[in-house]
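This is the structure I want to talk about, given as structure tokens.
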Amino acid sequence: MDYSSEVARHFAAPRQAGTLPPGPGTLVRGEGGSVEQGALVVFQARIDAGRVVALAWQAYGCPHVIAACSLAAEKLTGCTPAELGTFEPLCLRGPLEVPALKSGRLLIIQDALRKCLAAWDNGDQRSPLNKRN
Amino acid sequence: MDYSSEVARHFAAPRQAGTLPPGPGTLVRGEGGSVEQGALVVFQARIDAGRVVALAWQAYGCPHVIAACSLAAEKLTGCTPAELGTFEPLCLRGPLEVPALKSGRLLIIQDALRKCLAAWDNGDQRSPLNKRN
Amino acid sequence: MQLPVYFDYAASTPVDPEVVGLMADCLRRPELAANPAALGHAAGRAAQALVEAARAQVAALINAQPDEIIFTSGATEADNLAVIGTAWFRQARGRHLVTSLTEHKAVIESCRHLATQGWRITWLRPDAEGLIAPAAVEAALEPDTVLVSLMHVNNETGVVHDIAAIAAICRRHDVLLHVDAAQSAGRERIDVRAGQIDLLSLSAHKIYGPKGVGALFIDQERVRRVSPLLFGGGQERGLRPGTVATHQVAGMGEAFRLAAQRLPDEARHVTALRDQLWSGLRQLPGILLNGHAERRSGHILNVSITGVEGESLFYSLADLCVASGSACTSLSNEASYVLRALGRPAALAQSSIRFSFGRQSTAAEVDFAVEYVLRAVQHLRSFSPIDVPGA
Amino acid sequence: MQLPVYFDYAASTPVDPEVVGLMADCLRRPELAANPAALGHAAGRAAQALVEAARAQVAALINAQPDEIIFTSGATEADNLAVIGTAWFRQARGRHLVTSLTEHKAVIESCRHLATQGWRITWLRPDAEGLIAPAAVEAALEPDTVLVSLMHVNNETGVVHDIAAIAAICRRHDVLLHVDAAQSAGRERIDVRAGQIDLLSLSAHKIYGPKGVGALFIDQERVRRVSPLLFGGGQERGLRPGTVATHQVAGMGEAFRLAAQRLPDEARHVTALRDQLWSGLRQLPGILLNGHAERRSGHILNVSITGVEGESLFYSLADLCVASGSACTSLSNEASYVLRALGRPAALAQSSIRFSFGRQSTAAEVDFAVEYVLRAVQHLRSFSPIDVPGA
């Protein structure tokens, strides 16, 4: 498997990885995929004054998935909550040079982001920060 | 195929090979085998005063056959005509180190010698010296 | 230390310098260039003599007779010839074979091919530590079983099967036993006579010989013949046609000669390195040893690491030449079927690393590997959503 | 002059020094020691890159695409894969094959094996000069013919078959054509595209490469797949499992690269020597040329000598490494079946000598051979009972 230098960069120093500390605004959470499927991603978003003021992610997955989380988090910070739902992760294929065979994996990022939006829409403010087993 | 040094010696310098010139006594001839069988030998014997005074042979055959003709001719020169018929060519196996698989070929020498004796017994004195096609 | 560090001796070994020297000599000398089947002339016989000397060397390592050794293009072909060749030759006696789920693909795919041709295959499943119980072999035998094919040392986990006990059962039931010894020859002692083995596959490149040459031992008394899979000029007693590659078999012979000499030292060397590696890596929370803890050959250590994904794990280990259970790094597209057969879930099978050691491996390399793996796993876990107790 | 003189280049050639250099380098460099299927690490990828470069070089010699080349253990295996693999893969389409009585044993025995499995084989007989008429191929085609397998240059007589005409017929009838080019690759120009060849067998050791490696060209459009004969780890697109021997295929690639460069000069060189030999030998009464006088490749001269027995003839030629039609000098136990198929009686087939020439052959060697053969025949005829007109 070959990885682009952009993937390599994100993998070595992922941006906004981890969890968000407690703070002002609303913290929502969404996940996509599963260990059994080979990739599991969790996004957290802090929404304040109609903006996603902070975004963090955790991922179990291949380098493409990890780089995609890193790049998506970077791109989406500052967006509106609605944009979490309309974000098209396939747009990351180009910058990251994700091979066609793997592009399906990016869709789990969409799932996680949409679940963040749904949580926001539901007024769900309990953010389960604890990791899963 | 390995050949003993005795075979090599006879092959390089066969003894009594060729045909006998006209001369005193009775000239008889006998052949054994055929080209199709892979070996053809012709023996000529000059018999004078109850003795084989000269013996010559020609052979188309493998080195073992050629060496066996050479050795048989040498051994039998001076024998009685009857001994041409009783000669046991398998006795050449030892001195020439003929492998078991090939020992059957020596029997065509017996055939040729017995035909010489038969020709003598028949009083056949025409010796067809000309080669075959 | 040269990077990347080579820890993939179970996949292939560098050719021993003495073997290279002999092979280069053999390739260079025009008087050895002839076809070893050209017995009619001196040059052919000189090549043939080299081939026969090599056959004796290969036979010696396993206590066989030289004429029981058939040279092949590798252990894959030897496995095929043993399994398919025996099945065809003995089909009148029966069409049932016993093998295991953790054999090399060469045996597994040969059996699967036979299954498409009407043979019945019993696939034994190892226990969680990778071992096949001899009693399970006995239970699998049927009246029309013609062959049991089980490997000596597993190429992924390094576990050593109890071939002696299995062989005794096969003899008792008059069933032939084929053993794939590609990983064990030259590393574990093998005696086909004492061990009652009927067919045994060998590879040169696993033990510092050249790639592309192997051999099948065929017990002359018990087996005598198998059906050839390839047809041609009658070489190798009609069982394996094609011009015998003089330099290749000569290289294999020399490698096997050296292996016989060096076996005890080498086994000690790799076992020490493996133990050093394991005692370093086992500090890592959530690391699991794959395969039995004691019944294992010294040159392989296989671990799974929980909570990190296989492909990323493997990608993080770019400075190590190791084998992984991760699908995308091998020709096949599945997670290690061997670890799956041991009951590991797909994710753990994928997050496995096989380290394998050899003559050139050093303690410094192992120290480096320990630190390097710990660091990589720490990085991956730093953004993993999966909680590993103790991490 | 070094005795014995080597005139057996059609059986095997010495490995070119440049090829030996490359192979030795490949064997010696630890960073190329990895298994080329270990794509997960840098060492494996380095080995793989060598393999792919070699694949491109082999493809280039015959104007194929690299991915149409499957590496095998030699032309014998390539022939088996082409004939048996095609037959099995296309058995639903039909179970009839066309081949000739003068093919290499690898094709003949593959067809005989298929015959035992229910296939029908049409065995074309060549004319007295060893040629198969394209019209005879056409006449042999049946509605269920799936493959025609005919060689390019015959290994015993050197005659060159009219593959272009035969290929045109096969295309017209939509039947696949396999060509055994073991003797012609690197000696005659081959273009599988222009020549409309569907499968083509190659061997390295016939053209200054190593023994034990060959290749099968499989046209991607027309053939796509054949059934594999060996089963295992999925190497070579699943058609030929087993660890690819990096040094061997690299050696083959280099040998083919050199062959492409040197072909015209080399053809001139061997043709001149062959003509020199024949003009010297034809003085001998009762000598017969085997095979067509013009449609022949430059590197082989095959003659029969009447009135002398084959084994003794051959024994007299101990200072020449030549091939003979005599049974006892080869692995098979029959007089040359190729010459028999041309209508030569057994005795003449046995009293045949095949001289074959190569890069290192010289005019002085040929002069020596002429005198040496004349002397040997004279000696044998001095005590032969068979009259040869003129002798």
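Letters A, B, C and D name the chains as they come in the text, with residue numbers starting at 1 for each one.
As a convention for this text, contacts are C-beta pairs under 8 Å (C-beta built on N, C-alpha and C of every residue); 3 or more make two chains touch, one makes a residue touch a chain.
Because the structure is predicted, anything quoted here is derived from the model rather than measured.
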- Within the chain touch network, how many edges lie on the shortest path between chain B and chain C? 2
- Message: Can you tell me which chain lies farthest from chain D, using the average of the Cα atoms as each chain's centre?
- Response: A
- Message: Measuring centre to centre with CA averages, how many angstrom lie between chain A and chain D?
- Response: 62
- Message: Can you work out the whole-Å distance between the CA centroids of chain A and chain C?
- Response: 43
- Message: How many angstrom lie between the centres of chain C and chain D, each centre taken as the mean Cα position?
- Response: 34
- Touching two or more other chains in chain C are residues 328-329
- Task: Give me the residues of chain A that touch two or more other chains.
- Result: none
- Task: If every chain is a node and every touching pair an edge, decide which shape results: line, ring, star, complete or other.
- Result: line
- Chain pairs that touch, all of them, please. A-C, B-D, C-D
- Mind listing the chain C positions that touch chain D in their complex? 2, 4, 6, 8, 11-15, 17, 20, 23-24, 27-28, 30-31, 33-35, 37-44, 73-77, 79-80, 84, 104-106, 109-110, 112-113, 203, 205, 210-213, 229-235, 241-248, 314, 318, 320-324, 326, 328-332, 360
- Message: Taking the touch rule as given, give the residues of chain B at its contact with chain D in the complex, in rising order.
- Response: 1, 3, 11, 14, 17-18, 31, 35-36, 38-42, 57-63, 66, 130-133
- Note on the structure: So, in the complex, the side of chain C touching chain A is made of residues 307-309, 311-312, 315, 328-329, 345-347, 350, 382-387
